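The same subunit A turns up in both complexes below, where it pairs with subunit B and then with subunit C.
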Partner chain A sequence: MISVGKSVNSQQSIVNIKKYFPLLPVYGIYLLLFLIGIIYPEMWSVVTLLAFYCALGQAFNIFLGMTGYVDFGYVAFLGLGAYGMALGIDVSHQTGLNIGIIFIGIILGLLMATLLSLVVGAVALRLRGAYFAIATIGVNEGFRYLIEGAKLWGGSEGLIYFRQLNEAMGREKTNVIVTFWADVFVLVIAAISAFITLYYMRSKIGYALTALREDEDAAKVMGINVTKYKILAFITSASMAGMLGATSWGLKYTHVFPADVFEIHYTVEGIVIILLGGAGTLLGPAAGGLLYGLSKYWLGAMFPGIQLLIFAPIILIIIVAFPEGIVGTMKKKIKGTVLERYIA
Partner chain B sequence: MALLKLENVTKRFGGLVAVDKMSLEIKEGEFIGIVGPNGSGKTTLYNVISGVYFPENGSIIFEGSDITKLPPYRRAHLGIGRTFQIPRPFSSATVRENVAVGAMFGRLSVNVEESLETADYYIGLVGLKAHRDKISGALTPTEKKLIEIARALAMKPKLLLLDEVMAGMHPESIEKMIRLLKEVSEEEKIAIVSMVEHIMRAVIGFAKRVIVMYRGAKLVDAPAQEALNDPRVIEVYLGKGIRDA
Partner chain C sequence: MLLQQLSGNLTQGLILGAIYGMATMGLNLIFGVMKIVNVGHGAFIMLGTFVSFAIFTYLGLTPIVAIPLAFIVGFALGSLFFYFIIGKLTNAPELNSLLATFAIGMLIEEVTKFIFGSEWRGFTWDVGRVTLPFTVLPITKIYAFIISILVVIALYLWLRMTRSGTALRAVVEDKEGARVCGINVDRMYALSFSIGIGLTVMSGVILTFFISVGLNPYMGGAYTLRAFVIAVLGGLGSPLGAFFGGVIFGLVENGSYTLLSLIPGIEPFSLTRFVTFFILLIILLVRPTGLLGVK
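Coming up: the complex of A and B.
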């Protein structure tokens, strides 16, 4: 056993690298988005829109795609993330931490979203399928009315902290961070979410999640602690959403209003992105995010006012043509070819 | 010491008593057939043993420890494996992934690489080698049953509960399946309980001991030939003869 150890080890590390090949197309898309934004500054706003949708899909997919559970309250995690950034900046802007306050904001956003996911998960994940979906609808609206009604964190007037950012970092640095780095962070969060997705897929966690998505009772009898894995996916997905809310909303807009961030249509957009791209796949959310973002942007420019009327049938057609999403269907087509190694 | 011991186990659904004060002992490596007409409580008994349902009364002892209140996944870790009457493979996953799940989360809970190796072994054993990388949802019902058997064996159980695995199979396949199960059981010391509704031939070929269930209770518990020739058993299946009526 010991004598063959070395060659086995080097072989194994090659196998391990190969396991992560499917990240290449995903990271390729994100890099391309970034480069387009850098080279054509007038495209930056489109790039940020697409980056947000990709990141939303990629983060949401860890829960929705991998477990098959639909969380209608998902946007609450982004909303709390945005509040985390707001509170983080508010509390720490006079500490002389300079740029450091942004990371305090991101970490606070992550923690608040994670905490909420623990509470929601412990209660709602005992329910199955449609019952879970119904139970989670209330979370988002509940938070909005709690903040507005209890006048928590500025109540319905929200929090505005552009001045605090300027005080801490100076006007110029604030501008660069708010208009450029906030969006780069979004791409980074999408990339981290993609990595976690693949890591889960390739480990026991992914097998457990596939099993419970397909048949929860059979999974239990096979020895899978389904509650543990569901909660793990839920928390992971929520913490990514917390960071996303902190950067793409909290940091970018330098204000948070409850009516803006606890808005259910972001959850619905996330679901559409994942279904278009392919639920539970790695590349799906990126593909879905691009497709959804581009269509929305382009149709909005071409047919202002009636874009949704045109968009809805397009989504319908895509779902009918690709019932498992674009990437889900593609994965079946390329089974047994070299491409299989790069698409997951 | 008995591998599994049921003491006065009762499971009710509302007013219906599905399993009625059932007591039962299964020894290590034993081969048992469970027969009984529709609705006699066989599947409920399986569900109570594997932890899908908790009984209202009585206790379940596995290897000397009380598992009555243990969730199904913990029982799987202890070594209770089962299949379902209507096969339930994880249909979007490949055959290999399905069987690997058994090894990954079963009694030994090995890592992904080892699980895939274990999966390959059992896939070969049940004769699904050619279908290894296919999506399991696309296979025939009989092949799905074989996936379930391979997946359950990959869990390395000490007690394996088979639910109607031989129903709908070709007689030749039944012979092969019985031989295979006997070999695996002997090699790995697995006690196998097989539930059969109709194919009595399979029971006789398979089990040394037969338990006949009727209305949630144990009607007969005896060596195979004796049990199946018991007049009470014939009556349960066919009704009273014309002469007696």
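Coming up: the complex of A and C.
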């Protein structure tokens, strides 16, 4: 009897591990990026660019891809995360915490972004479609102009804190953290976001979100608490963005200007990445991030000044020809084959 | 003194508001019919300002000539984009159409930059001025006000009096019902998109009657955001609501600027913009169908 119970248990755990197989290609991509950067130091700047776009897509996808709600003000969470890092360093650089101040910065960025997402989620998520998109633009722009207009946190002159970092950790350590570890954190955030995405997909949350994306009213009638799951996805996605902003902007650049970190262009880049890769898929944001980052880098190097002129028609062709993205199209092709287990 | 300044600014605000309203009607027409938000809206306004600039500087003609020309350019571009891109996305999720219109806007900006360069441009079209007790108004601004109102009346008459206008309103009200009545819904989509873009490019010309400096391929972004606020104010999907929304917006923007300038230690220009977005959020919460919108 006991042995039967045991075998059932071990079988279940195998099933559980199998559930997470689709993480392998995603983590493979991130590991490969990291290794390329380590082995070829001259490639590190390209690697960091790609890592940022992958992380942005992966974090944004948790909300935009899974719910189908278009949050045009997503960059506000990254911006607040960057401010969290700035304020965290500014407040704690004389406490003798050494490297600890960075974690204070990340946690503060996470908290600030989460707090904003709670407020926005409670208020704006009552709206749908275009109204939601416009409301979120309003939040982002409103925040930016509040900081500039009321001269909050340095106003439009922003915050610069390279000196404080040096004081707290010494010049050498600061350099390594700013040029290397900040980017490693970005890859870690991408990996965490990917894990959360798959966890949501494989649980009740994922089913609820799929139902919500397909038909919100029908989902409601079926007794799904749509609001709860919507807000959950929104807050998760925003907190990831907060950490991403804290490390990839706040820590890496050691300065924050409101005009830079509330730039709506980053939201659009995130949307392009998700749509390129396939909205609501796990591998999509990583694939889209790589493709977007590489083509942006390549076009910029080959056709300086007119890269956007070339890029705009490419976006349009992709939207019309592959509305489901790379991974979405691929998933249809491999249905029923062994590969299906590894792609989600 | 303050009262004089305030009434002067409000007069300017009224004129600017009429232009803003006129510039938002295209956005609302497209949304009303197709439920697509044109995120590249500002780029088409920018295009209009460059049409005006080119007509005045290169051909030496009065910018009034640019008004019908800009409408034709916009109408043609609208049809082109509809047949190759937007028309294929009418049943796609929002994400696709939002990104498509953004990319179209980007394309317009980049082509303009490619042709005209990215430096700031401007011209001076001076036909005299009128002195009022509290402010001085250049005559071009009065032209802008009158033309904006004429355009609104023309659009109203078209929607109410003509066969195609009535068909368009039928599509806004009930797509399936209109189809059953024998209205070619796809043609109405194409028509509304082309006219919407035409109106938007035309509004760019009229904008140069108010401010004819600071023209730049990337100037449109700020107007896109303003148009969103105005569209929500007047009720998304209602072209005439947009006009009144624009007037209110112009008055609030200029009025609050004057009042905020009195507070020391802040930046009134940025805070004015904060106020407008704050109003947007309040309206979206209280009356998502718009302040003037009728359901």
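In the analysis below, the second predicted complex is superposed on the first by the 340 of 344 C-alpha atoms of A that agree within 3 Å, B and C clash if a C-alpha of one lies under 4 Å from a C-alpha of the other, contacts with A are read in each partner's own complex, and residues count from 1 in each chain.
Operating definition for what follows: a contact is a pair of C-beta atoms (placed from the backbone, for glycine too) under 8 Å apart; a residue touches a chain by one contact, two chains touch by 3 or more.
Predicted model only: the values in this text are computed from it and were never measured.
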item	value
Touching partner for A:E340 - first (subunit B), second (subunit C), both, neither	neither
Partner chain in contact with A:G129 - subunit B first, subunit C second, else both or neither	second
Contacts of A:T210 with subunit B and subunit C, given as first, second, both or neither	first
Superposition-derived comparison: subunit B or subunit C, residues of subunit A touched	C
First (subunit B), second (subunit C), both or neither touched by A:I224	first
Touching partner for A:I137 - first (subunit B), second (subunit C), both, neither	second
Which of subunit B and subunit C A:E157 touches, first, second, both or neither	neither
Which superposed partner A:P313 touches (first subunit B, second subunit C, both, neither)	second
Footprint overlap on subunit A, comparing subunit B with subunit C	none
Subunit B-touching residues of subunit A, taken from the complex the two chains share	202-204, 207-208, 210-211, 213-215, 217-226, 332, 335-336
Touching residues on subunit C, where the partner in the complex is subunit A	31, 35, 37, 84-85, 88-89, 92-96, 98-100, 102-104, 106-107, 109-111, 113-114, 221, 225, 228-229, 231-232, 236, 265-274, 277-278, 280-281, 284-285, 288
List of subunit A residues in touch with subunit C within their complex	64, 68, 70, 72, 123-124, 126-127, 129-131, 133-135, 137-139, 141-142, 145-146, 148-151, 155-156, 264, 268, 271-272, 274-275, 279, 306, 308-309, 311-313, 315-316, 319-320, 323
Touching residues (chain side subunit B, partner subunit A) in the complex	50-52, 71-73, 76-77, 81-82, 84, 88, 90-93, 97, 100-102, 104-107, 109, 111-112, 115, 133, 135, 151, 155
